[in-house]
Amino acid sequence: MSAQPSTATRRPSRFARVPLLVWVFLLVPLVVELFWVFWPAANSFSLALTRWDGIGLAEPVGLQNFRDLAADPIFLTALQNNVIWVLGFGGLSVVGGLALAVTLNKPGPMVSLYRSAIYLPMVVSLAVSGLFWRVMYAPDGPINGTLGLLGLGQLERQWLADPAVALWAVLIAAVWRQVGYIMVLYLAGLKGTDGSLEEAAAVDGANAWQRFWRIVMPQLRGVNMVVFAVTVIDSLRTFDIVWAMTRGGPYNETQLLSTYMFQQAFTTGNLGYASAIAVVIFALAIGFIITYLARQARTED
Amino acid sequence: MSKGTITRRELLAGGMTLGAASLLAACVGTTSGGTGGGGGGTSSGLITLQNSIQDADPKAALEALVKAYPGGDVTMNSVATEQFRAQLTNYLRSGDSPEVLSWYAGSVARSYAEEGLLLDVSSLWEGDGACAGYSDALRSLSSDASGQQIFVPTSYYWWSVFYKKSAFEKWGVEPPTSWDEFHALCENLSGQGIVPLTNGLSSTPWMASGWFDYLDLRINGAQYHRELLAGEHAFNDPEVVAVMEEYKRLIPYFDKNAASYTAQEAATPVAQDKSAMYLVGAFVSGYFPEDQRDDLDFFSVPVINDSVPTAEEAPTDGFFAAARSDNQQGALDLLSYLASAESQQQYIEQSKSSNLPTSPDVDTTSFSPLVQKGIELLNSTEEITQFFNRDSSDALQATADTALTKFLAQPDSMKSILDEWQTAAEGVFAS
Amino acid sequence: MSALAPPAADAPAAVRDRPAPRLRRPRPARSPWLHVAMVPVTLLWLSPIVFVLFVAVRSYDDIAGRGLGALPASFSLDGFATALTQGGVLRSLGNSVLVTVCAVVASLALSSFAAYALSRFDIPFRRTILLTMLAGNLLPPQILLVPVSSITEAIGIGDTLTALVVVQVGFGIGFYTFVLHGFMRSLPDEVFEAARLDGAGPGGIFWRIVLPLSRPSLAALAALATTWIFNDLIWAMTVLRTEAKFPITAALLNLQGGFASAWNVVAAGALIAAVPTAIVFFLFQKQFVSGLLVGANK
């Protein structure tokens, strides 16, 4: 960005410097989002201070819901699982997506086919993805079958019913789907990088790893910010694939914050409690994103 | 100007925006008086039937019924069960509710009725109304706390231990008539390398409550069971411990992969003659390949305690009407039509399900032998309950799912699991 | 992501001092190791989808009798036939396509407006506004079902496809603006200066400079947005009540029976539903994938 005048001395003219059209450009989408997202969200947050079954009247209970959450073992399990999810699902899909984007960032019909194959899981609906993975993980399904064939029979287990591995089993399925999405974001970013810089570095003797970390990655800073935000948001919002595969079971061992929230809202009918969980999710997401992005924005400006 | 100050100012501005938004939030009311007054009168001739039927044959049967309705145009919308349940409150609270909605009798209907969201259909239950001849049990099932009827039952089905006749013949065994014989049968089958019992607990954990309900009914009786589900007994009481001890004795007979099957997948081993018996509702016939459906038979869970009355589980499905719809008279007329004997007869025949009619005027002689045996079973039993969640609530069912699936995986932790269950149940009853 | 972004401070000196040319030269032949690695990965990746295909072409009795995991012992197109006729799949595909096209166009248009305003103009509190817009996407949608359905009803568009489009747009804007902002910020200033000197107004600059330069990110977002909006289930369920207006995701869910699911029909329906998004992805790929070898090479 070219140098901007200091706000201390030029404050009044800032508004005049921005053309009316641009204000319209900004305000229309902003108002749309405020109306459709923030108003319902604020409504939901205010519900966090009540006890409501969705049918009768909401009864204000102050911070009781949050006190109950702190003592709720299922909530604490869900929180722990979500941390694992953010690190595992987030980490694996970003590393995988970046690696695949870099590897497949070439022309050619075969490469085009590989890219499409990696992205293909995204085009299938989540419910159906959940279905095929359920079958993959079935006790007499392909995964156990392959382990048996490879002589690793003692590793066979009931993947989705064994609390020790169920979360990881679902995580693999979710990563399988997410990697294509991250790959697409990085491909778009790589398209904007300058190949000649890299070639110059290659001529100067930098190896592939150095070229990647020192030349390409800095140019991907904008994309990295986006991918980080996307990963945190998606990790905290994951719902469909866990719900389709395990419904949060076995006995609540694979609950994530969003599945527990859904269960509390629509099965148990505790909309106030569910809203409190939503506030926690929001706070976590805001925490990650604000700190990281605010830091990024400051260094970039 | 340092960057730090700008950031703080920006945060303040952001905070003010959020504060303003939360003031706005107060406007989107959480009061039930909100949108739309009660519809009344017969403003439009349109009638909407919102239901959660997904299975192909029952859906086609209902569509045919609705198309043949002489009283006007009915728009029928089918929504998947889980989503229907999540949206049910929205449907009933909207100013433009669907006239008639399908669901089942029980705690859900009663809690909506308490808030005045359901139409009073008592007119159908008196005089020469369509439901006037129904049994007393059905009448009390369909009534709310004040004694008015708010529900119209149109079909029900029974739970039992289902098996394949040809398979039993092949293995040289007979259905048991006592609890000891049942255990002997299971031992016999295990010895032959057959898995005696199957179940599907994966995304359908409520199937574990089937055995729990039946063991409780057989050991402690229907009265105790109802009281337990209403919170009048504790889940760690000695009577419940006795039920769990009996359940523990059954664990070795269950398919070790039961925790990975859905209710539907659990039928496959039975179809393949690898598993013998399945305690499940009569809807199980739809899980089997068509050529095996006539091979199905059932026996009731044998008596364990002679001193309690016999009991069976027979979940009842039907319809209720929204109090806020536009066309209340139209809703009543449609309900009357759906509850009539002819409609029930046509529906059951066309849906190819093993459902039973609630109307006593339906000619049951043309139904399949399986269904007729089911009718006899229910007619000869002394008590009828619904199913765990229908008798109590979805919230309590969730606690049962957790407790029972954990118990089946870790039976030695029975005491702590029951204590946890009681704590969770207390939480449900307190809210 | 700009062609002129400076290399890292610790890059070799020769690179730092060299002026960055805008030309990119094609690279010679690729090594076979890429294919050796990618072919098994691709096959493994596709196996669950191949499995869906197997299920779709089996008969119901085969699945009920031998289980979902067994290899097909039958071949039947009943699944597809039932999905196309009974499930209302074609009609709901039409609904989905309509909603997706309108929502993607509207949300990308509005987001590019907002991103342009926030990235290239000195709007007060622009960082806060951007983060606030992004914050809109931080909540899981499940908690917003009840208020959103009250709102759609209160403003009179309850149970219409318009409502679904509007809700999708409202919920996507924050994220798309954030992404486009990231891309637009790094567009080179010189191009803007030149255009301004030529007398172009902000609207003209937007239309003639920013949009064309943002094509890779817009194409990537369009592919992603299409996937999300097309595969959305929860907003459709919240806003719509009439079965005739359901999009394909809801129709597929109905195909799964309440008690007994005809998995062959469900699988067939899922494959049919996957076709439009797959087509969009193939078409848009070229836009956001570099045509030449850029990035870590062998």
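Note that the chains take the letters A, B and C in the order they are written out, and that residue 1 is the start of every chain.
In the analysis below, contacts are C-beta pairs under 8 Å (C-beta built on N, C-alpha and C of every residue); 3 or more make two chains touch, one makes a residue touch a chain.
Since this is a predicted model, take the numbers as computed values, not measurements.
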Label of the chain whose CA centroid is most distant from the centroid of chain A: B
Which of A-B and A-C has more C-beta contact pairs: A-C
Rounded Å distance, chain B centre to chain C centre (Cα mean): 38
Interchain centroid distance [CA atoms averaged], chain A/chain C, Å: 14
CA centroid of chain A to CA centroid of chain B, Å: 36
Multi-partner residues of chain A (at least 2 other chains): 38-41, 43, 54, 138, 140, 294
Two or more partner chains touched - positions in chain C: 67-68, 127, 131, 146-147, 151, 233, 253, 256
Touching two or more other chains - residue numbers and ranges from chain B: 7, 28, 86, 89, 265
Parts of chain C lying in touch with chain A, wherever the complex brings them together: 1-8, 10-12, 14-15, 18, 20-21, 23-25, 30, 34-35, 37-38, 41-42, 45-49, 51-52, 67-69, 110-111, 113-114, 116-118, 121-124, 127, 129, 131, 133-144, 146-148, 151, 166-167, 169-171, 173-175, 177-179, 182-183, 185-186, 189, 201-203, 206, 216-217, 219-220, 223-224, 227, 231, 233, 249, 252-253, 256, 263, 266-267, 270, 273-274, 277-278, 281-282, 285, 288-298
Complex contacts: residues of chain B adjacent to chain A: 1, 3, 6-7, 18, 21-22, 24-26, 28, 30-32, 85-86, 89, 93, 111-112, 114-115, 117, 201-203, 205, 257, 259-260, 265, 393-395, 397-398, 401-403, 405-406, 409, 428, 431
Complex contact set, residues of chain C against chain B: 60-61, 64-68, 82, 86, 125, 127-128, 131-132, 145-147, 149-151, 153-154, 158-159, 233, 237-238, 241-244, 250, 253-262
Chain C partner contacts - residues on chain B that touch it in the complex: 7, 9-11, 13-14, 17, 28, 34-35, 48, 50, 52-56, 60, 75-81, 83, 86-87, 89-91, 94-96, 98, 263-265, 267-268, 271-272, 283, 286-292
Chain B partner contacts - residues on chain A that touch it in the complex: 6-8, 34, 38-43, 45-47, 50-58, 134, 137-140, 158-161, 163, 244-247, 249-252, 263, 266-270, 294, 298, 301
